[in-house]
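Each of the next two complexes has chain A plus one more chain, namely chain B in the first and chain C in the second.
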Partner chain A sequence: MTRWLALIRKEIQASWGPTAVAAALIVALDTWLIARTTAWRIRYPGLSFGLAMVPLAVLMVWTIWAGYLAVRSEWHGRTSMRLMSFPVSGRTVLGSKIVVLMAQFTILAGIAVVGLLLVAAREPGIQFGTVGSMITTAFKPWELAVTVASMTLVLLAGVAYVLSMGIFSFVIGTTVARLSGLIAVVVFGLLGYISNALGPLAMYVFSFIPNPSIIIHSFTFGPGGAEAATYVRHVIPALPFWPLVLGSVILLLIAGRLLETEVDA
Partner chain B sequence: MRIWRTTILVALICLALLVSAARPWRMGTELLADRFRDSVIFNPGASPGMRGVAAHKRLAERHEADGVRTVVVDVPVGELVVEGSSDPSIGIEAELTGYGVDTDDARRRLEDITLSVEQQERILRITGQIPVTQTRGRSDRMDVTVRVPHSIAVQTTAGLGNLRVSGIDGDVTAIGRLGKVRVERTRGDITVRSDLGDVSVVDVEVQDTLDIYASLGKVHVRGALGRTNRIETATGSVDLEIPESTSLMLDASSSMGKLKTSFPVTGHKESGMSSGASGQLGTGTPVGSLFIRVSLGDISISTFPSR
Partner chain C sequence: MAAIEMRGVQKSYYLARALDGIDLSIEPGKIVGLLGPNGAGKSTLLKLCAGLIHPTAGSVRVLGQEVSLKTKARTAFVPEIDTFYGWMTVSEALRLEASMFADIDPAEVTELLRELKLDARARIAHLSKGMRAKLKLVAAMSRKADLVLMDEPLAGIDPPARAAILETIATRYRPGEQTIVISTHEVLESEKLFDDVVFLSGGRIALQGNADQLRVEKGKSLNEVFAEVC
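For the complex of A and B:
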């Protein structure tokens, strides 16, 4: 555990600089957009909101590459090999990497979402107050809390899975040194295809155990009479959660074992 | 050990070919649809009224109106109608509906729905309560009609469902959370709040103050305005039909929309997508004010009766 924490500390030291720069860029962009929203609200309604979503889109793309790049830099620097000289397993090394990458993602996504909400609050076409009022009218506080927590869990599980795919792809890609990038892309594509193909079956299997739940409400308004307003509460199990967690664990275990065999060799 | 990585790569390719031939997503999707057959999420064609076995109960009672100046009605889910009546007493009719997985379950839920009536000095409070005990499924509801003497003031709140107030000479406050709000044939001051749903205030004679705020929905007003009139809507148009003799100081603007009027208006201005006016509406000496704010939608002011 101490060694794992030491690895985490090492990863944080290596990544806090880029994270701080990225966070500063997002804050600067959102501050500029907030300042421009009033001027743009007439001529370019919605433009500020659209631009405020750019950091989130970039983060999504970054997630695809981050796992790959994190292991590649270690591999090329042979630092992972040196790390293996400690009695630390490959999964521990990769586990520390993925934890820090997820922390990076959470911090940057959190800043981007707060910025997006601040920009949205100034956009006349979005009616931030109205949306907020509708949400607080329809949802009870505990329902909101459960839904937000569940969605966050599923989002983080998805990020973990994509990062694991990147790590796994890089490790398999090293099979042929000269074609490592191409093989990694092929492996990433294969994993994506297989995940989509097996996803519904996996979700069905895991639907028999407790899942995080998302609560939504549906309303229908009729012309009048007893059925004029029908109100139905739906509790939707977030079925992708457990398959994503299991998939991440499997990919990291295999990639970690391959790292160890590389050192042993 | 390159052999392991090569083996895994080959295994991945074989697995991709296998799933491509077997198409397991079809079976998975069918299994999910069967397991969650009541859910509109997994089965878009499913009825939204999942587990909708209903049990009903009717209530009817009368209350003396002596000393009552204001009736306050609060219904969380269901239709609410408050009507002015020539009957000197206050009549309450309600149909309570409980939904359950079977008839016994629905009846049990029905027992938890309550409609209480209590008088506090000059205020009569009629309060509906629907406990939220279920975690999923259709909400229980109560459809309530209250008949009050014309002169009594009414304050109504409808949580989810349409709200209608008519034939009241006293002041009217109508709050609709999710549903349409309609106020008609009233003669006192009018206050309307709506979170989601259209607002109609028709055939009214506002005594002094008209105050309407709609978050998301159209606002339609037809009748004689008072001295102080304020209409705001975030998203939705404002349509006013007022007597030709109306003369008011107007302060109206739409951030994204047009101001259209058949009245003479001074201070009309348009800029980009915004439109508004700050001046006098109508001719003669202004006898009050009309303040209109719309974020997204048109403003229309026309004569009533329409030409």
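For the complex of A and C:
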């Protein structure tokens, strides 16, 4: 545990600089968008809101590469040999990487979402107050909490799975002497294909155990508009959660085992 | 119990065979020279002992056990290449080592840094090759490791730094308690350190034995024996 924490500290040390820069860029963009919203509201309605979503889109793309790059940097910097000469298992090494990557994602996504909400609140096209009052009317506070928590869990499980795919692909690539980058890309593509093909089956299998729940309300407006809307409550199990968690664990365990077998920087 | 025990060890990288049928037993408590030209299989042999790679065939036992996390905890591996994180300072790198290995002695770290004139606040990326080699030595020799594996510790280093490294190995070595295996092809400077030597050539053991006995038997220095055997 102490060694794992030391590895996490090392990963944080390595990544806090880029994370701080990315966070500052998101804050700067959102601040600028908030300042421009009033000027743009007539000529470019919705533009500020659209641009405020860019950091989230970039984060999604970053997730695809981040796992791959996190392990690649150890080979590129030739530090993999030192890392694996420590008395720690491969899964401990990869576990520390994925935890810090997910923390990075959570911090940056959190900042981006807050920025998006602040921009949306100033957009005339978005009836922020109406949406807010509809949510508070329809949802009991605990329902809202459960839904937000479940959606966050599923999102993080998805991020963990994509990061694991990147890590796994890179580690497979290192087992060959040449064309390791190409092999990693092919493995990543294959994993995506397999995940897509087996996903529905996995979700069906895991539908028999408790899953995080997402509560939604369908509504119909009454004659008095949004204030007179009638709501029907639906509870949807977040079926991708367990398959994503299990998939991440399996990929990291296999990649960790491979790391222990052959490290030739 | 041998410090290193290898039986019928083969290691292949695709079609190239790096080690071919190595049977080797290294007694504990000695400094052993692993000598051979480039490509003889020295680094591969050390990596096998460090648990970084696994043999294609045969068995490797270190400190009486199969190579595992337990043996890694008792082994200090000094690779030929620079494997420290360039963005870390010297003290940060050594703190990471200390959190990984329980046998590191903080007082020894301070003493070695002073002796080798290494600035603890210096960023590793800014260190010269010689200073980085000294840092590797500090990380290894400040530990009470039972087995120290050094892969070409003198390669590409200027003469004063080489002398400092050899001096540190000689003074910090704990005879009888610690086994040090040093791979090198720079035999002339380092031969006075060795109790035993193993000559590797083409992935096979060409000659092995006690350093003094070999000198007497052959009537030559180890450097001359190296030129003859390898």
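In the analysis below, the second predicted complex is superposed on the first by the 246 of 265 C-alpha atoms of A that agree within 3 Å, B and C clash if a C-alpha of one lies under 4 Å from a C-alpha of the other, contacts with A are read in each partner's own complex, and residues count from 1 in each chain.
The rule we apply is simple: a residue touches a chain if its C-beta (ideal position, glycine included) is under 8 Å from a C-beta of that chain, and two chains touch if they have at least 3 such contacts.
Here the structure is a predicted model, which means the values were calculated and not measured.
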Per-residue touch tally on chain A - higher for chain B or for chain C: B
Which of chain B and chain C A:T261 touches, first, second, both or neither: both
Touched partner set for A:T38, first chain B, second chain C, both or neither: neither
Touching partner for A:Q13 - first (chain B), second (chain C), both, neither: second
Chain B versus chain C as contact partner of A:R233, first or second or both or neither: first
Partner chain(s) touched by A:T152 [first = chain B, second = chain C, both, neither]: neither
Chain A positions touched by chain B in one structure and by chain C in the second: 261-262, 264-265
Touching residues on chain A, where the partner in the complex is chain C: 2-3, 5-6, 9-10, 13-14, 77-82, 84-89, 177, 260-265
Chain A residues within the chain B interface of the complex: 41-43, 45, 124-125, 127, 129-130, 133-134, 137-138, 140, 171-172, 174-175, 183, 187, 190-191, 193-194, 196-204, 207, 218-221, 224-226, 228-236, 239, 254, 258, 261-262, 264-265
Of all residues in chain C, those that touch chain A in their complex: 13-14, 47, 50-54, 69-70, 72-73, 75, 77, 79, 81-88, 92, 96, 99-101
Chain A-touching residues of chain B, taken from the complex the two chains share: 1-2, 4-6, 8-9, 12-13, 15-16, 19-20, 23-25, 27-29, 31-32, 35-36, 39-41, 48-50, 77-79, 95, 97, 132, 134-139, 141, 143, 159-162, 177-180, 195-197, 215-216, 234-235, 255-256, 271-274, 295-296
